[in-house]
Amino acid sequence: MFERLKAAREVANQKTELKKLIADCDELIKEPGQSVSVGIASRALNRYQKLDFGSRSEFYSQLATRYEPNIEHITRALDSHKEKRSPESLIELVRAVEPPRQELLRRLNRVSSGTAVIVRMREEILNALRSAPALAAVDADFEHLLSSWFNPGFLELKRLDWMTPAHLLEKVIQHEAVHEIDGWGDLRRRLEPDRRLYAYFHPTLPNEPLIFVEVALLNDMPSAVAPLLDRSKPPEVETKRYKVAAFYSISNCQPGLKGIHLGNFLIKRVAEDLKLEFPGLKTFCTLSPIPSLAEFLLKGPKWKSGRYTAKELSRLEADFKELQPNLQNLSKSNAVLSATHQNRLTRLCSAYLAQTAPDESVRSDPVAKFHLNNGAILERVNLGADHSSKGLKQSFGMMVNYRYDLDKVEQNHESFVSGTTALSKAIRDLIKA
Amino acid sequence: MFERLKAAREVANQKTELKKLIADCDELIKEPGQSVSVGIASRALNRYQKLDFGSRSEFYSQLATRYEPNIEHITRALDSHKEKRSPESLIELVRAVEPPRQELLRRLNRVSSGTAVIVRMREEILNALRSAPALAAVDADFEHLLSSWFNPGFLELKRLDWMTPAHLLEKVIQHEAVHEIDGWGDLRRRLEPDRRLYAYFHPTLPNEPLIFVEVALLNDMPSAVAPLLDRSKPPEVETKRYKVAAFYSISNCQPGLKGIHLGNFLIKRVAEDLKLEFPGLKTFCTLSPIPSLAEFLLKGPKWKSGRYTAKELSRLEADFKELQPNLQNLSKSNAVLSATHQNRLTRLCSAYLAQTAPDESVRSDPVAKFHLNNGAILERVNLGADHSSKGLKQSFGMMVNYRYDLDKVEQNHESFVSGTTALSKAIRDLIKA
Amino acid sequence: MFERLKAAREVANQKTELKKLIADCDELIKEPGQSVSVGIASRALNRYQKLDFGSRSEFYSQLATRYEPNIEHITRALDSHKEKRSPESLIELVRAVEPPRQELLRRLNRVSSGTAVIVRMREEILNALRSAPALAAVDADFEHLLSSWFNPGFLELKRLDWMTPAHLLEKVIQHEAVHEIDGWGDLRRRLEPDRRLYAYFHPTLPNEPLIFVEVALLNDMPSAVAPLLDRSKPPEVETKRYKVAAFYSISNCQPGLKGIHLGNFLIKRVAEDLKLEFPGLKTFCTLSPIPSLAEFLLKGPKWKSGRYTAKELSRLEADFKELQPNLQNLSKSNAVLSATHQNRLTRLCSAYLAQTAPDESVRSDPVAKFHLNNGAILERVNLGADHSSKGLKQSFGMMVNYRYDLDKVEQNHESFVSGTTALSKAIRDLIKA
Amino acid sequence: MFERLKAAREVANQKTELKKLIADCDELIKEPGQSVSVGIASRALNRYQKLDFGSRSEFYSQLATRYEPNIEHITRALDSHKEKRSPESLIELVRAVEPPRQELLRRLNRVSSGTAVIVRMREEILNALRSAPALAAVDADFEHLLSSWFNPGFLELKRLDWMTPAHLLEKVIQHEAVHEIDGWGDLRRRLEPDRRLYAYFHPTLPNEPLIFVEVALLNDMPSAVAPLLDRSKPPEVETKRYKVAAFYSISNCQPGLKGIHLGNFLIKRVAEDLKLEFPGLKTFCTLSPIPSLAEFLLKGPKWKSGRYTAKELSRLEADFKELQPNLQNLSKSNAVLSATHQNRLTRLCSAYLAQTAPDESVRSDPVAKFHLNNGAILERVNLGADHSSKGLKQSFGMMVNYRYDLDKVEQNHESFVSGTTALSKAIRDLIKA
């Protein structure tokens, strides 16, 4: 009885707080004085943070409807500009179209803790998008502003190692998305002299890595992930023997920054730094998962029309036919394949990745799309590279090396955008019939 | 002969470089890959920095015309949105209206040195505006982006003192705009324990103060500037005797950030910090110049209609009539005034400042407008406060104290915006007939 | 065969290296030029670090014999000084007596890594002392110099928390000597807001904590250790509720600094810092082990003659007689005692600690001696305070609170030195018959 | 009348304070507890700092007499050690001889500000030595301890430049002893990219440079000082052109550290650092004054017997005879000399420096002694190198380059110590008859 009363009171309370938050936002948008606006923004952010999930959802809906640009106003401004064609009429038009929520967010961001709150707001809006597609325009405004605030020119690249404060390393353990870190001993192996971990930070979030990349310094291009993570293996400290820098893991720490492409530039920056530090490095590559391979093959592969010659296609179909009975099995356990079957599986995988497209014209592997669009070369496909159950399930244990030739990154990227994927000779030979 | 050839070659060279810069900009706007775009942006900024004054002016014109939004495109997007009213059609419309130069600037800013270059570009555009009013829309875009990047949430407040690196102190000496600093000895007096100097910094410009404020910790509200700067006076170190914090100088260091109101918030932040450090402080005020007073009176004062009663107006006119013969003289030397004349001059000055308006409805003193809009109270007008020739020329040696009552800043600001200036009792009594 | 050859060669090699090291040391002592001596010292330290255990032992013996002061020389200098009584003759005498190995160590210390090596040398010499008592004079010289270099005026007190670099926290885990830290999760509990960890550092060893102390901020004086270390208990964050600061662990990290009493001053420094940060703290105490209690009782307690009255003594003897049959059992498991037996055991423990002496006149508990000599009060004895097998074995699970009354530390210390231990009223009452 | 009373009271007050200080010192020496001793030491240092000059002098006398070792005690300890020859008896003897003031100073140093006070004490004792030679033994103890605390292994080398905090640069301006710095503009020239300034710091005195050296990076070995200090000359920024690093000024900042040879090692450390940074550097040299040259010649030169052949001597005497009439004049103004006279003066100067001895056997130039003992080569003597009146007065405007050949520093030092000065071929040829 008492509990019900308390709940009812809480509901009423939330309603009042939401109303006050909206009132604050209305005031904030109108407020011409900057000094005063920081106080209002601070009050509004505090209020927002006390809202429960339901009230926050309601707040996001209000962002969509209440702080939309006004169509009549736009129409008038456009008509006026068509007539006058003056700088002033253009300024007027631009102002009329910009959704007022953009200015609202910019003003909330005047409080120093504002950026962190806005990033978390976006995370919730992204989650809500499926059930509330009307939020798409709101999300677009968040993405627009966040990509302006989190541009690479504002970010700071930092190397994390065993001298790094514990609370930052703890966040690395939490956020590692590709190859899970099993405690501090596991992490330490990844911070030894022959391993590197770099993260991007934003000045207003000094305690929050945004994205980090893990690198292994090796003698040869790696063909399997287990040796890279093996804690029992002593680190290679002879730096002259480092020939290859292998990027074996990239993890985003901020779901609210989805679409703000931090990773693209991170790899290139780190590669350039490593090249300076170890002039002996010859190869910069990844050891990457192929998350969509099993699904592609198990559903029956669809080859992109025009990508392969008839001869090539018929061989790919033959490969698939031969392998099909084994596929379910391969996705569950480490089965031993004959050399012929190994060859067939490698070719199917290579052909799948080689037809990756920059657009939606064909089903593409997301990791492949990321690296190829980033200017990498599809270098080598590795069987038995990841024996974990996740690795078996998503790609029959296969992994791939994308190689970054620093001098050709721009050129490869442009080729990819205009329809041609950069392939190593080995891959080309394997596919060519 | 040879010189002329060289000059001609240089002209041709500049033309080529400008063309290449435009080509880079075109490419940069279209480029979807972030990693690649940083390389292009870096190249473009290098090219820009090699252009001479004329070519840079031409580049700004191109920003105005080449990277304008397209009106047909806008019209179509608006029609489509009127029909669909969907999030997607809105996103499309917003994109169509945003001037492409905004995205261009955001992408140039992906290079870490980009922000500094963009601030200097804006400085030149502001200078060019008078002769090239068409740049107004370009300037509006710069201001829009810079105010998003230089919002107070991103800025860092730092106290500068004698422990501060010399190169930063040197910049303070260069940029002090109100009371010139005559060398390092002069500066040192302003960094003693009873003086404070605070500056705002942006994370990407760690070596460039953006704006700084100088504060004197005193026993009484100051009525003249000379004692504050007097190097021979020993510092007051008995902190319990600090009752008044007087802001006696605010200087902007970055002309390219004009209109990005950094100062408003700075005073409030510093006042709050000082209050925490010295709980005995009772009064936060300025000792400010009145740059437009002499001009207002010498041209024959215009009183805002409706601001003063008929009785008050007739007394102000009498005051002016009496003083007029002396005014030219007063603006040149430290003349001795009779008590009656002192009273008249004080009243005229007070009445001028008391009619300061937030808009252009009446001629207003810019410093008065800044502080009153910021929520300050017009507290006291001081005769003989600044004996420098600049002080005599602009305000017959008068200065004014604006007082910040931290609890009433918002309220005062709102009154000012709606037409009522906050006045101290002394000022009200003086004006009231 | 080959192995034997190799070993023989290694033996010969070690002999050569030792000889060269001695030659370097001879040269170093004679060398007047400081700049040159740093080079020699560096060479000598490198050579030393390549010696095996046996050769290092031989080196320490040489320190004892080869770098001793010369008795004839001393005799002559003393005779000369007796005759002249001049400053010069005194300087000569002081120089004649100082063992040359002191100057040798000072010169080895001119290399920046020298201090660390010398601390490790001392660690080995301390270990060797039992079998080689002749090293006592060498050890005295090491202790003399190290206590000059590691004096509290040179040390830096640092708080370690979750923001501290991981490599330093790892050293805390390794060196915790009182209550073992079981991994990073365990450590983190000890760094929460209601726990504190402070360490002393020397400027030349920035990566090596010398000694650290762990503190719990509590509402009441603690009577058992388990709740302090319990990871499942949420931290108390209401700082106003902190009444007691309990020092529950002090650990030395550098065995080579034995006898350099860093801990004494550390507790007082930390207590003063905490008092400033939390003015509500009323009590500064420890929760300390009693490592020698079981041995004292199991061997049959010896009471210090004159310390207790005949009546008190007879009651202590009665207590012991009653408890004796249970003692073996109590040192192995958590036996339940009757209230009477609890009382007896508490009294015996209190009486044992209360007779702690500053000298060797009676067997004393080392921890008691440390805190009482440091000016603490024997405040309370706690039954069942430490259920670990170590706790049962050394003190039947008992622990003790020593209390630091910051205003009486000097006075208590002086009393203790002159034979009177500071006791709480409760302890006094318990013992008094 | 009142003034006299006040003075008398002050005298009495000083006497009381001195007595209390001595009482504190007595207590401090006896105190076994470290924690307690820090409190006493702090009290004693405060008392000392309030003493006037006379009382402090009295305190130093007491250090000499009251805290001397006891001769009877020493005699007994020596007799006992002769008998026992045990480590314990040796320890006892060493303790008996060490002046108790050493332990007193070590204990005063337990307070963190102690080191600075002790350095200033020493400064006063050094000044007092002439009139109070009995303080020599006290001074020896200060020097002994300070050289242990300020050994190069504890010092930190820092480069000072325009990014350095102003208060440190101000100290450089104050302490420059060789070529006066005329304000901040003058200093700035010495911090440009082609100039370097390095200083040594002790961890307990982070705001006090101990000694600093100024270096010019040049194309050729410098023959005059004016071009090095010329503010109007733009800095040479082409680092590949740096062939010579010229140390043109070394200044001690702490008179209390006299005899603690910090400079010797500083030059070598800086040279090694510069060699790493600019591998193109071929020559490390000084441009040094010859402070004693004029005095040597004006008094009539005394040649070291056995240093020069009869033929050489007779030529030196002829040189002197020819030049003598001009010498007074040369020490006052920039007289023009004939080529022959130039040659003669250069030879006399070279011969004077070439006979520099490590001991007191012959009058030697102190700067020459410093560098030659440090392992430098007497490279070149420069006429007209310093036109300042100080330069004319002390050395007829001559300066000298000492060259540091990093590989031969040890060897040259050893030669010098055993009687042979390292000379360049040019100098050798000039002297050789």
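Going in written order, the chains are labelled A, B, C and D, and every chain counts its residues from 1.
Heads up, the rule we're going with is that a contact is a pair of C-beta atoms (placed from the backbone, for glycine too) under 8 Å apart; a residue touches a chain by one contact, two chains touch by 3 or more.
Everything quoted here is computed from the prediction, not taken from an experiment.
Novice: Would you pick out the chains that touch chain A and also touch chain C?
Specialist: Of all the chains present, none is in contact with both chain A and chain C.
Novice: In terms of CA centroid distance, which chain is the most far removed from chain C?
Specialist: Farthest from chain C by mean C-alpha position: B.
Novice: How many angstrom lie between the CA centroids of chain A and chain B, rounded to a whole number?
Specialist: Inter-chain centre distance comes to 40 Å.
Novice: Let me have the rounded angstrom distance from the C-alpha centre of chain A over to the C-alpha centre of chain D, please.
Specialist: Using C-alpha averages as centres, the distance is 62 Å.
Novice: As a quick test, compute the distance in whole Å between the mean CA positions of chain B and chain D.
Specialist: So the centroids are 53 Å from each other.
Novice: Two or more other chains touching the same residue: where does that happen in chain D?
Specialist: Chain D, residues with two or more chain partners: not present.
Novice: Spell out all pairs of chains that touch, sorted by label.
Specialist: Every pair of chains in contact is listed here: A-B, A-C, B-D, C-D.
Novice: Quick check: in the complex, which residue numbers of chain A touch chain C?
Specialist: Its residues touching chain C are 162-167, 169-170, 183-184.
Novice: Going by the contact rule set out above, which residues of chain D touch chain C in the complex?
Specialist: 32-36, 38-39, 64, 68-69, 71, 74-75, 78, 81-82, 87-88, 90-91, 93-94, 97-99, 106, 109-115, 133-138, 140-141, 145, 147-149, 151-154, 156, 203-204, 261, 264-265, 267-268, 373-375, 409-410, 413-414, 417
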